[in-house]
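Each in C-alpha cells, the structures are laid out below.
One chain, chain A, links the two complexes that follow: it is found with chain B in the first and with chain C in the second.
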Partner chain A sequence: MAASVAARAPAEPSLRRAVTPWGSFSWGYSDVGADIFVGLGLVLGAAAGASNVAFLFAGLVYVCIGLAYTELAAAYPVAGGGQYFVFRGLGDIFGFIAGWAVLLDFTIDIVLFAWSSIDYLSKLVPILSFTAHPWVHFVVVFVVITGLALLNIIGVRESSAFNELVSGLDIVSETSILFFGFFFAFQPQLLVHTMQLSWPTTFNLMNGVSLAIISFVGLESISQAAQETQRPASVIPRTSISLILTILIFALSYSNLALGMQPWHALPLDAHGHTQPLWRYLGNEENNGSAVAVLASYVPYFGALAALYVPLLGAILLLISSNSGVFGSSRIAYAMSGTQLLPSAFQRVHKKFRTPALSISVFCGVAIVELIFAALPSLSPHVHALYARLFRGEDGITFLGDLYAFGAAASYSFVFIALISLRFNDSQSPRRFKMPFNIPITFRGNRVEFPVVAVIGFIGIASILVFTMITHEIGRIAGPTWLILGTIGYLFYRRRKRLPVFRSQPHDWRKAQINILQSAGELEMMDEYLVNIRRMDERRVAEHIGPL
Partner chain B sequence: MKRFVRSEGYARARLVSGALFVLLGAIVIVRTLAVTGPSFGALPACVLGAAMIALGSLRYRDYLAARARR
Partner chain C sequence: MHFVPNVAGVTIAFGVLASIAATIYWMLHPPSTASDRAATATERDISEIIGSVIIVFSQEIHSEHMLSLAVRLARRERAELLAAYIIEVPRTLPLDAEMELEHREALGVLQVAESIGRKNNVEILTDVVRTRNVAQGVLELAKRKDAHLIVLGGYREGKYTGAPMARAIEVIASQAPCDVLIGIQGNKGKILTPPVSDKRSKTVPAEQPTQL
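After this line comes the complex of A and B, so read on.
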C-alpha cells in the first residue's frame, strides 16, 4: 500500500500520465477479471446445463460493449467512462441517469466483492463461512467495507505495482487451471450430455443470462486508464482487445469446464445422499460464492496446489475490486458534481486528507444499507420467511447480483446510444479505433459511418435489461426505484440552481476536446481535429453564403 | 515489474503462452466437433476455441512488434 494524497484527488485535471500498456491492461483486469469469481457460481445455480450458453450470450454482448468503450476511450481519453460519453453524446439529463446507474453499480461493487472476498477466504478459514456462521460473515464484511472507506478517506490506496503483481499472478493461475482442465479432464461427450440432461426452463435461462453479464462489468476502468496513459489512442485499443479476449476466454472456459469436466476426485454426496454433478455442486448455496476456487481444486494434478492458493488470490483480487468501487464512486460523483449534475457537496475535499470524504462516506453508507438488506434473510428466520413470500426467496448474493446486472445493463444501453449519437454529431473527432462493420452515410453534409455493431450490442444489452426485470423480483423494484429517486433529486437540484431542468447547459465541446487531446499528448490527433473543424466551418459558411 | 514486462524473457513467455492458446483452442474445437458434429451444443465450445486462437494470434503479433522495436 502506498500513501497518496493530493495527487490522487478524484477528477484532478493534472493526473500524471504514467500508466504503461501493461499497467493499463492490469488496471482493467483487476476490475473485470474479478467478476468471474462472483459470476460463475451464480450462473451455474440459475442456468444449470445452459450456463455456457448464458456466458456465451452475455460474452458476445460484452465484446460489443468492450469495442464501444475502446472506441470512445481512445477518442475521448478522460476519466468518467460511460457517464462522460453519455453526458457528451446525449446531454445533461441522460448523462445524469447513466452516471447514477454507474453509481448504483459502484455501491453494489463495494458490497458484492467484499462479500465474495470473505466467501473465498472462508475456504481457508471455515469460521467465515456464510452458510455456517452468517453473523460472523456479516460482521466481517461490514468491517471490511468500513475499513476500505476509512482507508480511502485518509488517502491510502493499493499501489499500482501491487495491482499489476496480483493481476499477473491471477492470469498465470487462471491460465494454468484451464490448461490442466482442458488437457486432462475435459470431455466433450460429458458437456453435451450435461447440456441435454440439465437444460433449464426459459425463465431460468433468462435469469442465468442476466447474472452472466455481471462477469463482464467494470469496463469503466478502460476509460479510467485512458486518462492516465501516455498516447492513449494507440495504447488503449491494443490493451483493450487483449483484455476483452482474456476475460471472454476465462468466462467461457470455466463454464464449459464446470459442465464438461470429469472431477479429479469424488464430489461429496448431496443432502439426500445422492451423487451430484460438478456444476450443481459449484452452484449450490454453500459454494456459489467461491465457485472458481472449488472448481480449481477438482482440476487434475494442479488442483491440490490450487486449493491452497486460489482462495487467497481470489480474495485479494476481489478486495481490490471492492476498493475500486469505493474509489470509483467518489470519483464519478466528483466529476458529476463538477458538471453540475450533482450538488457541489460531492466535490468537497477533506481539509486534512484532501480526499472527497463526503462522497466516500455517502456511497459507502449506501453500500452498507445494501449489505444489511442482502444479509437480513440469513440473519433472521422471520425476514427469511418474508423474503420467501415477497421475493421468491432470493438469497443475499443473488440480490446483489440482480442490482449489479440492472445498473450495468442500464448504463451500457445508454453508452451504445451515445456512441451512435457521437458518430453523427461529432464526426470531426479523430477515431484511431472504430468498431468494425460500419455503413458509410451522409448526414447534414458530413460523411458518417453508422456503427452496425453498436446497434447489435444495444439490442443485446437491452434484452439483458429486460431479462433482469422479468426474472428478478428485487431487482425489478429496487433498480428502477434507484433511478427514479435519483432523477427526482436531479430535477429538484437543477430547478433550485436555476439551471436547465430537462435541457442541457451550453458546453464548449471543441475547447474541451482540444484540451483533452493536448493533455493526452495526442498532438497529431489534435491537429487532425483542428483541420476537421476548420473544414466543417468553411463548408457551413459556404453553404450559408451560397454560390457567388 | 516495469523492467520485467519490458524484458526479452517476458516477450518470449507471451509468445509461448500465445502458441499454447492457439494449440488449446484448436484442440477444443476439433474434439468438440468430433463428438457432436456441427450442432448448437458445440457452439459455446467452438466460440471458446476461436477466442483462444484469436488471443494466441494477438500475442504472436505483439511479440513480433516488440522484436521489431528492439
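After this line comes the complex of A and C, so read on.
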C-alpha cells in the first residue's frame, strides 16, 4: 500500500536530495533532448512541407502536458511520475493502465534510441549503416541493448555529472547549429515555397503530428527524479518549464530550418536521379534516423565542424536515453509492484548486485522482441513483402515510432484526467505551481479551480492518440494489444491475490502526503497542508453537527 | 558557395540564442524558500557583525587548532584577522625584558598563522604583545583594535584535560567587550584536533627549552 510504504520511508534510508536545478534539468534533457534526434527525420518524412505545423501542433499539446506534469510533480514530489499521479488520482486499475502504457514507452525507448544511436554513429562508421548493412546494424543494436541490460543488472549507471556534461554540451551544440543555420542559410521565401509546394495530404499531416509527439516524450524523468531533487516544489516547476521551452524552441527551429535552409553543399541525387530538397533528403530511409547530424553537416561553415562531432554527441545522448529506458522501466515496475499493481516478483532484487534484475531482464526482453519486429523487414525480403501488404510497408524505425507515440499519448491522456480528478478530490494539497487559466467552482463545499488547460491538453493528446490509431497500421494493432493483454494479466493477478479487481485498495493519502512533503523537505507546504485538512475537517464536523 | 545572411534569418538566429540563454538563466535562479531567506539573512548579519577577528595565543592559550577555522571565517566574511601572541612578563622583570624562549615561541606560532592565511588567501596581521597579565592584555588589545570577535583555543595538555578552560580564558570570556569563540578539542575530536604530525607547537610546552 502506497501510504504505508510512504509512512515507513523516513525511518528507512531514503534517496539523498542531491539533484540540483541543473541536475534536474539535465536528467530530463538527456531523455527528452534526445527525442528531436529521432523525431525530426520521421516527421519530415511524413509531414513534408507541413513538418513545422506538425511540430507546432504537437508542441502546443506538449506545453499542456508539461504544465500538467509540472503542477503534479511539484505537488507530489515522489518518484513514479505519471503512473503515480494516475494511481493517486484515478485509482488502482487506471494507475495500472497508465503505468503499463509508460512501460510500453520505456521498452520502445530502449530500442528506438539504441537504434538511432547506431544510426548516428554510422555517419562516422559507415559499416553500421542500416540501409547498407542491415544485419550489422541489427546485431550491434542487439548487443547494445543486451549490454545496457547487463550494466543495469550489475548496477553500473552513468554518473549524474556525465549526464549534466553531455546535456550542457548538447544544448550548446544544438543552439550553435540553429544559430549558424539561421544566420547564414535561412531563406524565408524558400520556407514559404516548400510549404506551398510540398504540403502533405491530411492523412500524412495526421501521421506527422502523431510522430511529432515523440519529440516531446520524457518529462517523466524530471518527475521521477523529484524525490531526489533539492527543494522540489520550487525547483521542479522551473526545470520543467525550462525543459518545455528549450525542447519547443529546438523542435520548431529545426523543422523550420529544415524546410527553409539553403544547404551548404549540393545534395546527392535521389534514387531516380533527380535533385531533392533538403527536407526530403533528411526524411528518407537512409537519414531519418540521424537527421540532426545530417542537417548540421549542411549548415554553412559550421557544418565542417559539426559533421565531426554531432554524430558522436547525438549517439551518446541517445545511448543515455536508451539507458534511461532500461532504468526507468525497472523503476516503474518496482514501484507498481510495491503498490500491488504488478506481482511482487518485480520487486525482487538480485542477491549479489541489489538491483531489480528480473524487471530489467523482462523489459529488455520485450525490447528485443520489438527490435526483431522492427528489423525483420530489412533482414528478410519475404517479411518486407508481408509488411508492405499488411502495414503499408512501414520501416523499422517508423514501427518503433508508432508504438512510442501510442504509449505516450495513452499515458498522457490519463495524466490529464488524473490532474482534473486531483484538483477536485485533493484540493487540500498545496500547489506551488498551477496550470494557468482556471475556473473557480465549489465542489462538495470545497473551493476548487477547474483546469481549462488540462481539458484542452486532453483534447489535444486524445486527438493525437486518434491520429496514431488512424495512421499507424502497426501502432493500431500492437498498442491496444499491449494494453489489453496487460489489463487481463492485472485482473487475473488481483483476483488471485484476493485484492479488489476493479476497485482500489484503501489508501491513507493524508498520511502519505504528509510523509512525502516531509521527506521532500517542503516543511512550509506540509504546514499548509495540515492547516488545510484541519479546516476541512472542522467544516465537515460543523456541517454534520449543524449550528448550535 | 558564398552565403549572404538574410535579415529574417539573422533575427531568428539571435532570437534562438537569446531565448535559450534566458531560459537557462531563469531556470538556474529558482525562487528561495523561507528557510533559504532566513539562512541568507543570518549570513548577512554575521558578515555585518564580524569586522575584525583576533585570534589569541599565549603560554596557556593554545589556539593553533582554531587557526584554520578562524582563517576560513575571516575569508568568508572578509573580516580583518589579527593573530596576537601574548607574552606574560613576570612582575620581577621590566616589561621590555628579553624573553628569548617565549619570543621564539611567539614567532613560530605566528609564522604558522601567516602560512595558513597565505594558503587560504587571507592576509593575517600578526602582533606580539607584552603584558603583565594575559587576560588583561587580550582585553586591552580587543578594545584598542575594536575587535568584533576573539577566538581562543582551550587548554588541553594531558594533565589539564579535566579543566580545559584556563583561568585567563574565563576572565576574557566574562569581561570581553565583544563576542568570544572558544574551541575545546574533544578527547577523540576530529574537527579541532590537528593530525599528529601538526601537533608540534601544541605538544612542545613553551616552558621547555626550544632549539634556536
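In this text, the second predicted complex is superposed on the first by the 535 of 548 C-alpha atoms of A that agree within 3 Å, B and C clash if a C-alpha of one lies under 4 Å from a C-alpha of the other, contacts with A are read in each partner's own complex, and residues count from 1 in each chain.
Everything that follows uses one rule, which is that a contact is a pair of C-beta atoms (placed from the backbone, for glycine too) under 8 Å apart; a residue touches a chain by one contact, two chains touch by 3 or more.
Just so you know, these numbers come straight off a predicted model, no measurement behind them.
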| item | value |
| --- | --- |
| Side-by-side fit of chain B and chain C on chain A, or clash | clash |
| Which superposed partner A:300 touches (first chain B, second chain C, both, neither) | second |
| Chain B versus chain C as contact partner of A:249, first or second or both or neither | both |
| Which of chain B and chain C A:22 touches, first, second, both or neither | both |
| Touched partner set for A:207, first chain B, second chain C, both or neither | neither |
| Which superposed partner A:188 touches (first chain B, second chain C, both, neither) | both |
| Which of chain B and chain C A:262 touches, first, second, both or neither | second |
| Partner chain(s) touched by A:56 [first = chain B, second = chain C, both, neither] | first |
| Contacts of A:180 with chain B and chain C, given as first, second, both or neither | second |
| Which superposed partner A:411 touches (first chain B, second chain C, both, neither) | neither |
| Set of chain A residues, in rising order, touched by both chain B and chain C | 22, 175, 178-179, 182-183, 186, 188, 238, 241-242, 245-246, 249, 253, 256 |
| Sites on chain C touched by chain A in the complex | 1, 3, 5-6, 8-10, 12-14, 16-17, 19-20, 23-24, 26-28, 30-36 |
| Contacting residues of chain B [partner chain A, same complex] | 1-2, 5, 17, 20-21, 24, 27-28, 31-32, 34-36, 41-45, 47-48, 51-52, 54-55, 58-59, 62 |
| Residue ranges of chain A in contact with chain B within the complex | 20, 22, 52-53, 55-56, 59-60, 161, 164-165, 168, 175, 178-179, 182-183, 186, 188-189, 191-192, 195-196, 238, 241-242, 245-246, 248-249, 252-253, 255-256, 260 |
| In the complex with chain C, residue positions of chain A that touch it | 21-22, 25, 171, 175, 178-188, 231, 234-235, 238-239, 241-242, 245-246, 249, 253, 256, 262, 264-265, 300-301, 523-524 |
